[in-house]
Every structure is written in C-alpha cells, then in structure tokens.
Amino acid sequence: MSAAQSENGRTTTPRRAETLLYLDGVSVSFDGFKALNELSLVIDRGELRTVIGPNGAGKTTMMDVITGKTRPDEGTVIYGADTDLTRLDESAIANLGIGRKFQKPTVFENLTVFENLELAARDSRGIFRTLLAKLSGTDLARIDETLATTGLVEHRHRQAGALSHGQKQWLEIGMLLIHEPQILLLDEPVAGMTDHETEQTAQLIRRLTGKHTLVVVEHDMQFVRDLGARVTVLHEGSVLAEGSIDHVQAHPRVIEVYLGR
Amino acid sequence: MLNVETIDLFYGASHALRRVSIAAEIGKVTCVLGRNGVGKTSLLRAIFGLQSIRSGRIMWDGEDIAGLKPHERARKGLAIVPQGRDIFPRLTVYENMLTGFAPLAKPLRTIPEEIYQLFPVLKSMLNRRGGDLSGGQQQQLAIARALITRPRLLILDEPTEGIQPSIIKDIERVIKLLAARGDMAILLVEQYLDFAQELADTIVVMERGEVVMNGPKASLDAERMRRYLTV
Amino acid sequence: AQLPPIKVGVLHSLSGTMAISETTLKDTVLMMVDDINKKGGLLGRRVEAVVVDPASNWPLFAEKARELIQKEKVDVVFGCWTSVSRKSVLPVFEELNGLLFYPVQYEGEESSRNVFYTGAAPNQQAIPAVEYLMSKEGGEVKRWVLAGTDYVYPRTTNKILEAFLKAKGVAPADIMINYTPFGHSDWQTIVADIKKFAAAGKKTAVVSTINGDANVPFYKELANAGIQAKDVPVVAFSVGEEELAGIDTKNLVGHLAAWNYFQSVKSPVNDAFIKQWKAFIKNDKRVTNDPMEATYIGFKMWTQAVQQAGTTNVDAVRQAMYGQKVMAPGGFESVMNTNHHLSKPVLIGEIQANGQFEIVWQTKGPVKADAWSKYIPESAKLTADWTYPWVCGNCEKPKY
Amino acid sequence: MSWLMARLRAVAVATAIALAAALAASPACAQQFDELIRKLASDDFGEKLDAAEKLGALGDGRAIPALKALSDGTLFLRKADGAALIADGARYFEAVGGKALGELPAGDVEKVRANNRLRGAISASLSKLSLFSDDRATRLAAAREAFKSPTPETAAALERALKSEKDPEILTAIRFSLNAAKVRAGSVEDRLKAIATMAGTADPQVKNLLTGVSNDKDAPPEVRKAAAEALVSIERTLAIVGVAENVFQGISLGSVLLLAAVGLAITFGVMGVINMAHGEMIMLGAYTAYTVQIVCRALLPKEFVGFYLVISVPIAFVVAGAVGILIERTVIRFLYGRPLDTMLATWGLSLILQQAVRSIFDAQNKEVANPAWMTGGFELIPGFFVAWNRLYIIVFCLMVLLAIVALLRRTSFGLHMRAVTQNRDMAAAMGIPTARIDALTFGLGSGLAGIAGVALSQVGNVSPNLGTIYIVDSFLVVVFGGVGNLLGTLVGALSLGIINKLLEPVAGAVLGKVAVLVFIILFIQRRPRGLFALKGRAADS
Amino acid sequence: MTDTPNDGAPRRSLLTPRGWAVFLAFGFALVVVLPILNRVVVTGSFTHVPDYLIPLIGKYCTYAMLALAMDLIWGYAGILSLGQGAFFALGGYCMGMYLMRQIGDRGVYKNAQLPDFMVFLNWKELPWYWHGFDMFWFAAIMVVLVPGALALIVGWLTFRSRVTGVYLSIITQAMTFALLLAFFRNNMGFGGNNGLTDFKDILGFPIQAQSTRVGLLIASAIGLGATYLICRWIVNSKLGRVLLAVRDAESRVRFLGYSVTGAKLFVFVVAAMLSGIAGALYVPQVGIINPGEFSPAASIEIALWVAVGGRGTLAGAVIGAFLVNIAKTWLTGAAPEIWLFFLGLLFIVVTLLLPRGVVGLVADQRERWRARQAARQAQAAEAAT
C-alpha cells in the first residue's frame, strides 16, 4: 500500500518522495492477543504525522516496534534506504537518529534536570568518549535554550524525580529536542498539560516539521487539529483510515470506535 | 462534606502547599485547576493521607481525618483515581477490581454491572495483567476500581489523561450521573478545561501551592482564571 | 607486692562455622585457668586468660595471634582447631617467638619450634584403627571406603592409609575413595554408593575423615538407609562425644571412632576431669572429648614446665617442656617428645545408644607421634627434633 | 597384639554342623540351652561369640530375646551368680525362664558388652531362629536376612522352614535365599538351576552373588558362564533402577531445597525484602523442634514421644512467625522501598539471632531424634531404597506448597498481600490495611521458614549455623525459578535437585555442585528473569 | 576526601580545593606520619605507633580499595555484585603464587620446584598455570588481568543478556560460590583449604620484617589514594552520569543511544581489576590466602561496608570499610563472646537511623543547616518588607 493511494484529503505537509520509515506488514501478539495486525505504514522524510485511535489500538506498541523495544512476530520496519530496524537493538536504533517520548513520562529521577538534558544532548555515545567528554560552551547554550523552551529554567538543578507530572512531560520533550534525532516519536506529548501549553506544544512541533520527521500520538482532537497534519487512525492493530483531520473526523467507523457521538 | 482547612505540606524544605483550604460538597463536583507543578496532586494526596501534612485540618463528615491512615480514610468512604493510574501491574484486571472490596462490608462485595457497561473493554480483558494494558485501558480500570469501593468522596486526578474522546464523553456522563445521585462528593483535578467547566459546580484555582480563586463556576472571573492557567 | 598476672591467650573461634567445636576448648582453657588460680596461681602470680574471637576467619587468626602476642603480651596461647588456622598463625608465632599449644588431631607433616601439638598425628589414630578393623576381632574387613571432606587432613590421612592398605595386600578395586565439599549436607548418593560397594560380599568398612558439620547429616542418612554397624562399620577420626551429642545414636550403635581419649575411660584422673568440667560448665549434659583432653594435657604440661623453668620465658619453657609428663585422663601417662608431639595411647570406641563410646580396643601403651609420616616418601626422610644437636623440625641431618 | 585378641584366639570355635547333628530336644539339650545363655553374659568375647553361634544352631526360639538384648545392649549380668538378665528400662527379667525381678540396684548388675563381630554372629543366629518365629513379619525378615549368609547350615535351616511355612510371600523369600545358598555350592545341575531361577531378579545382592560365582576360578566353567550371562541382563536392569534412584534422590534433595526456600519465596519473592535472616528463621524452627522434643520427653508417655515432631510443626510456625512479625514491626517496616537497606538490616539481624541462639542454647549441635515412624525405609524395588524421612519430607513439602498457593490465589488475604507488595500506597488508598498485611506476610514467610526448620532438623544439623547453610541455596532456588513465582520455586527446586543428583555420580560431589552453579549462571543468561519469568509490560513496572 | 551529594551543579574538576586538602592530609598521615611514628619514635613513647597496628591499617586500606570498587559498580551503576570478593581473592591468589614461588627451596621439603603442599600430595611437576609466577612483573600483570578477564567474561555474558537486579546479584554469588568450591579442591593445585601460606619474602625483602610491613602499608595507602582518584574521575565524567542513569532506568538509557552493556562492562571490569590489586596488597600483609575469601558471606560483607559508609559516595565507601573493620577488630578482642550482637546492632541502627550511611548523615546535617539558614534569610527579607 503506498501513501498516494490512500490520499483522500488535503495535507499541509509538503510532500516529498523520499520514504524515511516504512512499516511492512508488522504483527505483534501477546499470548494470542494481536496488538498489531499486519500494520503497514509509510512515513516520509520531514513529514509530520499524527496517529490516533482507540485505547488499546496498538499505537504505543507500534512505537515499541520501531524503537526496538518489542520484536514483531512478522513484518519488517525499514528505515532510510534499507536498514531493517527489527534486527537492531534499542541503542543502535537510537543512534540511527530515532528518538522517543514515552507515554508515561520516563526521566532519570536521580539526576538533575540539567544532567538529564546533558545525557540526551547530541554527542558521541562511545564509552571512552563519554569518559573523556567535556561540556563545551555551545553545549551549555543548547541546554539553556532547551530549558527555556520547556519552562524548566528555575528547576535546572532540581532532581528530576521531584518534578510534578507535567514538568516531567516537559523534561522528556526537552530531552528529545536536545537529542535532535531524525525522527521524533511522541507518545501523547500533551497529556497533563494545560490548554495553553498544549497550544505551545503544537507550535513547537510545527516548527520542527521539515527539519525533522515527527510521529505524534494523541487523543486531544483540538491539538491534532492544531497540528494540521496528516492523520492515521489505528484500530485493532491496523490502519482504519488515513487522511486529513476533516476526512478522518467524518469517517463513520472512526466516529463509531473512537470519537463517539 | 469535605472541608480542607488551611493545610501546609512540605517536601523536605520546599513548601508545596501553603495554607490551602477547599471544600467539596455531597452531590457537587468541585474542580481544582492550575498549571503544572502548582500542587494539585499534592493536595489530593494529602487529603488521602498519602502525603503527610504539617498543619491544618481535613474535616470529613464533621470529623478530622488528618490523623487517620489512608486505609482508614478509604473505610470512611474516600476513593481516589491517582495520576499515573497506579494499577497493580501483576494482578489481573479482575483482581485489580477485587481490591476495591477491601473497605466494603461482606454483602456489598460485588462488582456493579454498570462498571462493565461504562468500560466494556474491561470485561473482555478480565484475565489480562493490569500492567499489560494500554495507557487508556489502565485509566479506565483505575476509575472502575475506585467506583467499586462505593465511595462517598471520589477524588479524580486528571482522569481523562490518555483516554479516547468517546470514553471521555462517557466518563463525563458518569460523573454527572454520580453527582446527580446526590450521595457523593466529587473532587476533580483537570487540565482539560472544557471538560472541567462542563462538569464543575465549584472551581478552585491554584497557583504556586496556594488557592488563588475559589467559588461557584458562574461567580468566577473567566478572564482571570484563564490568566492563571496560561502564564 | 602484687605481681602482674601471667597472661594466657585463648585463640578459638567463638562464632562462625567452627564455633560448634571450638567454644568448648575455650571453656576448657578457662576451666584450667580457674583451677590453677584456685590452687594459688603459678609462680605466685595469678593467671589471666585473654580471650579473643577469630570468628572462623583464617586471616583473622593471624591478626588476633599478633594482637595477643604484641599487644596483650600473653605468655602462651592455646588455640586453633583447623589446620588452616594453624598454618595461618604459624608465621606469626615464629616471627615473634610465641608459644602455641595446638590440641586437635591433624595431618602431621609439620614441626615448629613455637608450637606444641597435643592432638594425634595420623600414626596415633588412623593406622591403629585400620589395623583393628583388619583383625579378627574387628571383623576382618577386606574392603574399604575412605570417605572424607576435601581438604588436607583427609587427603593426607587417606594417602597414608592407601599406602598402608596396599602394603597389607588390599587390591585397589577394594578401596573406594570419596571426597565431599565442606558442610556437605545431602548424603543420599554417597550412602547409596557405599551400600552398593559393600554389597559385594566381602566385609566392608568405612573410614571416615568427614569433617565437622557434615557428620550429622551423614550419620542420619546412614541410619535411615539402614546401614548397620554389624554390616558396614564406620570408623571416624573426627567424631567424638561432642559431635554425637547432636545425633540420635540409637541406630548408630556399634560404629566406631579412634581417639586418644574417650569420656568413658575409667580412671581416677578422668573421673576428676569430668567432674571438674561439669561443675565448671554448670551443665550435667555436657560431655568431654579428645581435644579437650589434649587441651588439658597441654595446659598441665605448660604449667609444669613454667614451674620447672621458674619463668614464663618462651625459650626456657620450651626447653622445660621436653620430657614433661602428665597423667592424662585417657588413662596413661602422656609424654612430650622433642618433636613437639605427644606419646599417647590409641583407643577405639564403639558408639553407644547414650551417645557415649565404649572402648573396645586399645594399644598396650602410648604410641609416639610421628611429625613426619613414614608413608609419604618425601616426608619419611625428615626428622623433627628440637634438642641439641638437631634443633630442627624438618631436616635430614643434625642442624648444628 | 592386644589383650583381647589374645583371649579371643584362645577360644576354639566348634563348628555349627557338628552341633546341629548333636542336637535334639532332650533334657541334655535344655541344660545346654541354659548354659549357653549364661555364656552369653560372660565377659569373654570369644565365649560370647561361641554361645551366640551355638544358640543359632540350636534352633530354640527362646534364645531370641536374649540374643536381641545382647545386640541392643540390654543384656545384663547378675554379679552375684553370673546369671543373664534382660533389662526393660529399669526393670529386669531372667533371660532363662523370663522371671520378672523388678528393679535392681545398679551395683548388682553389669552390662554385657557386644562388638560388631558379635552382633554379626547374633544376627545370623537370629535369622535362623526367627525363621520359626510366630510373628509373620519376623519370619519374612529372617527369610530375607538369610540371603546374606549363604552357608550350608543356613541352607539346612531354610530347607526345614520351607516344609513348615505356609505364607506364600515368605515361601518366595525362603526359596530365593535358598537359591543363593545353592548357587555357591552343590552339584553343577543344582547350581545351574539356581542361577536360572535368579537370572530374572535385578537385585544388587544377586548381582554380587553371581559376580562372585562368575569370577570364582574353582567353579565349573558352565556354571561360571551361566552366571556371566545372567549378569548381563541384571546389570542392564540395575542401571535403569540406578537412574530412577538418582531421580528420586534428586526429588528428595529438591524437596529439601524447596522447603528451605519456600519462606523466602514469600518474604523475598512476594514482598521483595532481601531477607538475609531467612536462614535464621529456619534455625528457629529447628530449635523449636528441639525444645518441643525435650518437653515431650519429659511429659509424654514413651510411646507418644515420637509425635513431638507433629506437634512441633504448628508451634514452630507460630514461634518463627511471631519473631518474623516482631522483626517486621520493629525494623523492616521502616525500610519498604529500600530493598538494599533491608539486606543490610536483616544481615545484622541474622548475626544477632545466631549469637542469641549461641548464648541461650550454647554453640554445640543439638540432637533432634528421628521418631520411629521416620526411621529406616523400604526397598521399593531391589536396589532402590526409599527412606521414610525422605518420603515424608517430599509429601510434607508439597502439602505446604499447595497450601500457600491456595492461600495466595484463593483468599482475599493473598490478593491483598500481592497488591500491597506491588504498590503499597495505592493498596492503602484502596482501603487495604497495609501495615497489618505487611506484618502478616512477613510473619507467614518466617513461619514457613520455621516449619522448614522442623523438617530439616530431620536430615541435618541443628546448630547456630543452620541458617547459613541454607541461605545461599534458598536464594538460588527462588531466583532460578523466577522471583515472585511459587510454581517457579517448585520447579526450580526440583530441577536443581535432580540435576545435582544426576551429576553427582558422574562428576563427584564437589565438581557436581560446581557444575550446577555454572549451569545456573549460564541458564540465567538465557532467561534473565528465571525459569518462569513474567513477560510483557507488566514485568517492567 | 569530601563528597557533596549530587546537588546537580556539574562538577568539572576532580576534587574541590577543600577535597584536595582533605585527600592530601589523609595521604600524608598514612604515607608519612604513621611510618615515622612507628619507625622513628621510640617504643614506649606516647606517640609511638605499635608494630601490630601497621599491617592492620594496611589491611584496612586494601579493604577500603575493595569498598571503593564495590561502590563504583553498586553505588553508581547499580550492579550489586555479591561476588566482588572473588576478584579480590583472585588478585590475592596471583600474589600468593608469586610469594610461594619466592620461597624456593626454603620449604619444609626443600624442593625448589614445587611448593610444599604439592610435594606432600605427590605432585610431580609444577602445573602449567603456575609457570611465570616466579617473576614479579608477570604476577603483577596477572593480578590485574585474571580478575579483569573473569569480569569481562561474566560481565559480557550477563550484561548482554540484560540480567539485572537480584538475578545479577545471585549470578555473581553463584560465581564466587563455584570458585570457592573449586579452590577448596586439593586437585586444583592451589593448596585446597589451607591455601597459600608461610611466605618468606617479597621482591627480596623479608616479609616478616617491620620495614617491609611499613613499605606495604605505604603501598596500600598509595593504592587506596590512586583508586579513589580513578573512581572519582570515572564518577565525575559524563560516563559517571550515564552510570547513574543506568542505575535508575536502564532501558531509558538505551533509547538515548548509549550502550548500557558497554558502560556496565567497563566499570565492572575496572572494579574487578581494582579489587584484584587490593587483594594482591592484602595477601602479603595478612600472610595467607585461602578459599575462604571466596565465600559468599565475605562478598556480602563488602556491600555492607559500603552501605554503612553511604552508598553512592566514594568517601562513604572508604569510611564504611574503615569503620566496620575497626569495629570488628576492636569488638572481637574486647567482647569476644557477644560482639556479634554489637555488629548486628550497628547494621540495624545504621539502616534505620542513617538511611544514606555515615556520609549521608553529615550531608543531611549540612543540608538542614543550609535550609535553616535560608529560612532565616527569608524571614529577614519578609520582615524587611
């Protein structure tokens, strides 16, 4: 299935031919329960893609498969030209430039906010390089900038474990920003944020589009609309619908299983 | 009726709640709003005794429960849907729900049918482990588990987080229904303003550990409130 | 004027794995000290015991030995049970010219100027026991299981025994050797193997050098597997009254042990010894055993030597020790030889239902201990003799 | 060589055959019987031996009590007249005639000593005499015992018994033992026939017997050949039996491991407390059994003393459980969420408990007797011996495990227990009294360790170090099976036991154990969370 | 040797100036003052350090090195190795083998080729793995290499397959237990239970001479200092923070692209090597190495030192090792029959009252003081307005 065939609506993302991520017939099952069912999905370079779908549709599982946390039973995930991600481990995949924000905020609770960012910063990951690494002025500037973006300036030297839920969400987004991966996978980035912050986040994400490739999972339909991107609806482990937000919101099956009346 | 009177809460040296007072009436929905890190979760945890307070009183049914252990408060009819869900990961869905029987008398130990009507997905997953559920499914389970205890004070910390729109609508309906039944006080923390405003009878706005606005929904200055939530 | 007390160091583990055996020896020394003080002390001075706990930790033995000699300035030390603890403290005693009395049967192959060995050497325990079993009275045993814990004492003893048995014409097929780890607790397989080995029709006996903790489960398994002494007797070198106190011996009657002393020895000295012990420990159930007797002998000899030398100076006492005689509770007069080992009788006892041994055989007189075994070629050449002109623990010719 | 040996040699041993021929039921014979019994009480081993052998040949069943008494050490000599007496506790009977004498002053009598050689002779004589006993079990045992001394005179006794015996099982045993005697000597035909009848029996004794015949240079070649042929199939069967026996031993070892570990599976596996004092809880159980035994010996009639063990089980559970609860309330409860700190604190506790027991009971091993019903065993099939205590422990341990599984899975206490350990705060918020559940759970784990202590006192030491022996193995078992999984603990314990026992004959006890450890290390590489690991997301949280 | 608990401000220098001052003061005391007080000051003088204290303090130093290694992997990387004693013992055995070979024909059997225990169990020739140990440099390399290699193999296997938490602890415990059993066997050729003893000299110096002992103390003190600096350096580096992150959320570190296996393996091997060196310094000072060092309990004890001092702070490890061992030395002599009560109580009290160890107590006090200070300032400011 190519992206072009399911094109039914308008999209704000500038279309480029180059495919960056290609999930091909991916299936995952847990004790007989199919969380992903021959899921196929194409993400282009520089694209912003939102993924929605009912609870338990397999959105998080899909990200698990891409980042190497879960091995699919069947199917492949091709990154770039011909790298099969299903054969690599998490750190190798991360080093290819795939970054992720988890649904449940996961930060290093015993490190400070600053150190969390420092670890995430784009830098060599080799053992001996980290042993000898020095923080340069540009690094510091980057960290400061990210702290500002995420509103955590005054929490700079606090232990991340002492942050509130929402602050952890922001910190995790910050870690992703400073890592500057090729692809950003965002699992429910605005959960627990105020409406205002949600708007800010939407702006932030739109700014990143083009330079980065983004896949965003959300349930907040206003936010999805703000992003103005192409939407994929997952249901029971496979794609139910795909297209613009208006197209999707009008889709009867989507309304039935997801949006409600 | 719940009356929290001038409580103070500290994390080490940091003062997380400053002389906070709120009230939650039976049959009403009281909604606490505020930006990240202002102390909403801390307040709820303090009410439940999961975080100890330094001073102030927590009156429930005319009795100060500040000295009681959390499980004793549960026996007094409190129930909580915590932020982060706190499902027992290695208990099955069914067992997770059974934990709701703990504060109940023997004859009341049944799972009301309406729970399954509200969250049909749970019925199909009774034997799956709680930790294996998706985020939204866990949230549903957490609400179900709290309702099974037949609470008279239901505390919900961002219950819509991670839940699909159709179910949010269902939850909204349920909360309304529960409030309308008139035997339950509901204390709700929510970031999703539309949802909060739709449900709330009373609104409390917090800022840096303090209550800055408090009153019936209609009486509050919407513009000021919006300011507190954005800056 | 009040003279400063004579200090006696007590270096026995009071905690850890060896506490089971060693605490008794600590109490024995304390009893002896108590006794001598009651009799007016030594050289007109009070005797004071300095107790430390090396906690079954071998390097700690060396450290505590140094502490006793250098810091506490003790005049003599009574201590150690395991060979490794002795090996650990040996350099310390030699360096600081201290004096150690070692009261436990051991593998031999050692002779130090600074140590007096009052326990049995292999030729005072193992060989007589095997000879007894080979005799008509002992049952004319033809097939042998040598079962031991895997460490130096059993290895050496078994090596010596193997050489001895072969010299007596026992075929290699009739010898089964088995080693187990320390504290081995599951004996099912080995006991079953012994049973099968013994089913061959020839009279079979087990020579056990199983150590410490492992004995209780071993004997329990023997009893439950229905191996009776009349079919397959077990003769042990490390099982005494103290060890039996932890076992129900109803089903073990007739198994044997070889020692230089049993509580059941009938002699006036022994009666007094037992009485003294029970009174001191304030418990009628407590038993006496061979290492206690060795401690008793060592302590008596040391006091005699001090009296004879008129001083506690180590060199003088050492000189006075040679030829020192003590009427031992074992019923004979024990003599300290110039190889720093004793001459003692060898007794063989049978386990009784009450946890005591009944002596079924004994040597006519004391046997002189060999510090160096005749059955190990390298060692057969060596002599231990600390009197002029030898002054040597391990040489082939006189040293000076 | 020795004074005893010399005297022994001085005694001429008359042959039993000559005696058997001379014997008949006559007054002379009765007199001789009295005389022999008297001789049993002599203080000359040679004479005693002689008398024991002659009494066997005499075939007079009245000799049985005296012989047994001598073997058991309850035969006494009346100093006044040299008469043999049998003691029953403090009361005495005359060995001849059985006249009751009541209690006698200790100075009047002297115990008659036996040694192994004498006991051997007695048991041979007894077996001959017992062939005609009134008691069926005695006859059966005697018929089997006779196998061990396949002499012509045994054969003669067996032949006689064959005529009078009615019981089919005893008859089979007699024929079997008779064959053994026949294989050794006699006409070639008889021997061949005997071999043929024995060939189907896989019994180590038969194997040894036939091996002896096939190696016997004096035997006729056809007899040797037949024996060798019979041996082949016997050996094959025995090899299979050997493996089966090893597996049983493995299960038995596994059950011991499981018992030692089962309490830990609760305190560590379920609660997550790294409980270094677990071994000391086992120790407490064992010392409880010891104390109960002392009390029972003092209070109960003799025939019921053996039940002290049954009584000990609940008492040990309560004692260790109470100590566990005390520990939980005073120390552990401040440390939830800090598992490594509990390790430190419980290590300290274990030191204290060890030293406390050492101070109260002293450092020596304590004797905990196997009650009669736990002693000995039976041959399931020839060459496969099953000891009662092992069997009981296996059964006991499975019962304990079933009970816990039921408790955990089927009761609300079990549910609350699991909820509390997975998320203490949330459990409290659900209305579960966490403090009580914690205390009870720790108490349960400790109580189970206490029960284990009672069982383990039957196979091993009871000493202050008891706990340290089992602690490493217990952790290995729990972790190998998968933390928090009781089924895993069961399978883990049994498989470790069996692997150990299958390796031991091949590699020896020491290397066998090393091999098991290496196996565990490698196994955990394959399954980093133990045998029965939780999979999926739930495992991460 | 000061450690401020991780307050977030990234530290760039190895030690703070005050840290250096304390570090050098300690070093000076151990390396210069103690030897002078022992060797130069006359016996009987008030300031004289008695001879028996010298090897004792030397021993504490080696234990402290071991504790540092343990803290590096446990306190920082979250690897609770219950088999760290094995690396210590292996280093010790390498040194022991060198010392055994130095005896030459001065053994009881006068055999220049074979150590006594081999002669006496009828060994005919030196086993291959004993070759080379007559040379100090070879032994010295082996002291580092053997523990390092074992750590590399075990670590690679376990970290690669993501064995963590108690599973890892138990694996390492099984490892040391297996080594214990193996070294107990006389057939292994390491002297069985008796181990290696009766050393004569080291590098030509008689091992029983007091001057040699002082030399060994100085070597141990320098070893301790160097170990401290190495650990400090690792901990202060970015790798140190990666390790902390691994300790808290291992899988999250993977998603950032760091090789968790590599990072853990690195510190595990480094810690094993440091433990090996500690063992090598330990053996000549106590005069014996035997399989007892492999016992699981010995390894657990190492963790206890670290916990008592304060896990996750290097100074804590050193303080804990000294504190517990001094307590042990003192109590086994002063209260031989009941010292376990005191030691046990010490452990319980420390966990209950000082959850972050002795160092944590100090840090807490400082924190509290700061908080009070801040409160006072705030009050003053409030009063002013």
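Should a chain be cited, it is by its letter among A, B, C, D and E, assigned in written order, with residues numbered from 1 in that chain.
Here is the rule we use: a residue touches a chain if its C-beta (ideal position, glycine included) is under 8 Å from a C-beta of that chain, and two chains touch if they have at least 3 such contacts.
Predicted, not measured: the structure shown is a model, and the values here were computed from it.
Steps from subunit C to subunit E, minimised over paths through touching chains, total 1. Every chain gets a centre from its CA atoms, and the centre nearest the mean of all protein CA atoms is that of E.
Looking at which of D-E and B-D shares more C-beta pairs in contact, the answer is the pair D-E.
The greatest centre-to-centre distance from subunit E, using averaged C-alpha positions, is reached by B.
One simple way to say how far apart two chains are is to compare their mean CA positions; for subunit A and subunit E this gives 45 Å.
The centroid of the Cα atoms in subunit B and the matching centroid in subunit C are 75 Å apart. Here the CA centre of subunit A is 65 Å from the CA centre of subunit D.
Subunit C and subunit D have Cα centroids separated by 30 Å.
Multi-chain contact residues of subunit B (touching two or more other chains): 132. Contact with two or more other chains is made by residues 30 of subunit A. Shared interface positions of subunit C, i.e. residues touching 2 or more other chains, are given as 14-15, 150, 179, 181. Looking at the complex, you find that subunit D touches subunit C at residues 1-5, 8-9, 45, 71-73, 113-117, 119-120, 122-123, 204-205, 207-209, 211-212, 245-246, 249, 252-253, 256, 354-355, 358, 362-370, 374-377, 383, 385, 387-390, 458-465, 468-469, 500-501, 504-505, 508-510, 513. Interface residues of subunit A facing subunit E in the complex, by the touch rule stated above, are 67, 69, 89-91, 94-95, 99-100, 102, 106-115, 118-120, 125, 127, 130-133, 135, 156-159, 175, 179.
If you check the complex, the residues on subunit B that touch subunit D are 48-50, 69-71, 74-75, 79-80, 82, 86, 88-91, 95, 98-104, 129-132, 145, 149. By the touch rule above, subunit C contacts subunit D in their complex via residues 14-17, 19-20, 23-24, 135-139, 150, 178-181, 183-186, 188-190, 192-193, 195-196, 199-201, 213, 216-217, 220-221, 223-226, 228-231, 233, 242-243, 245-248, 250-251, 253-254, 256, 283, 350, 352-353, 355, 358, 360-364. Interface residues of subunit E, counted against subunit D in their complex, comprise 80, 154, 157-158, 160-164, 166-167, 170-171, 173-175, 177-178, 181-182, 184-185, 251, 296-297, 300, 303-304, 307-308, 311, 337-338, 340-341, 343-348, 350-352, 355.
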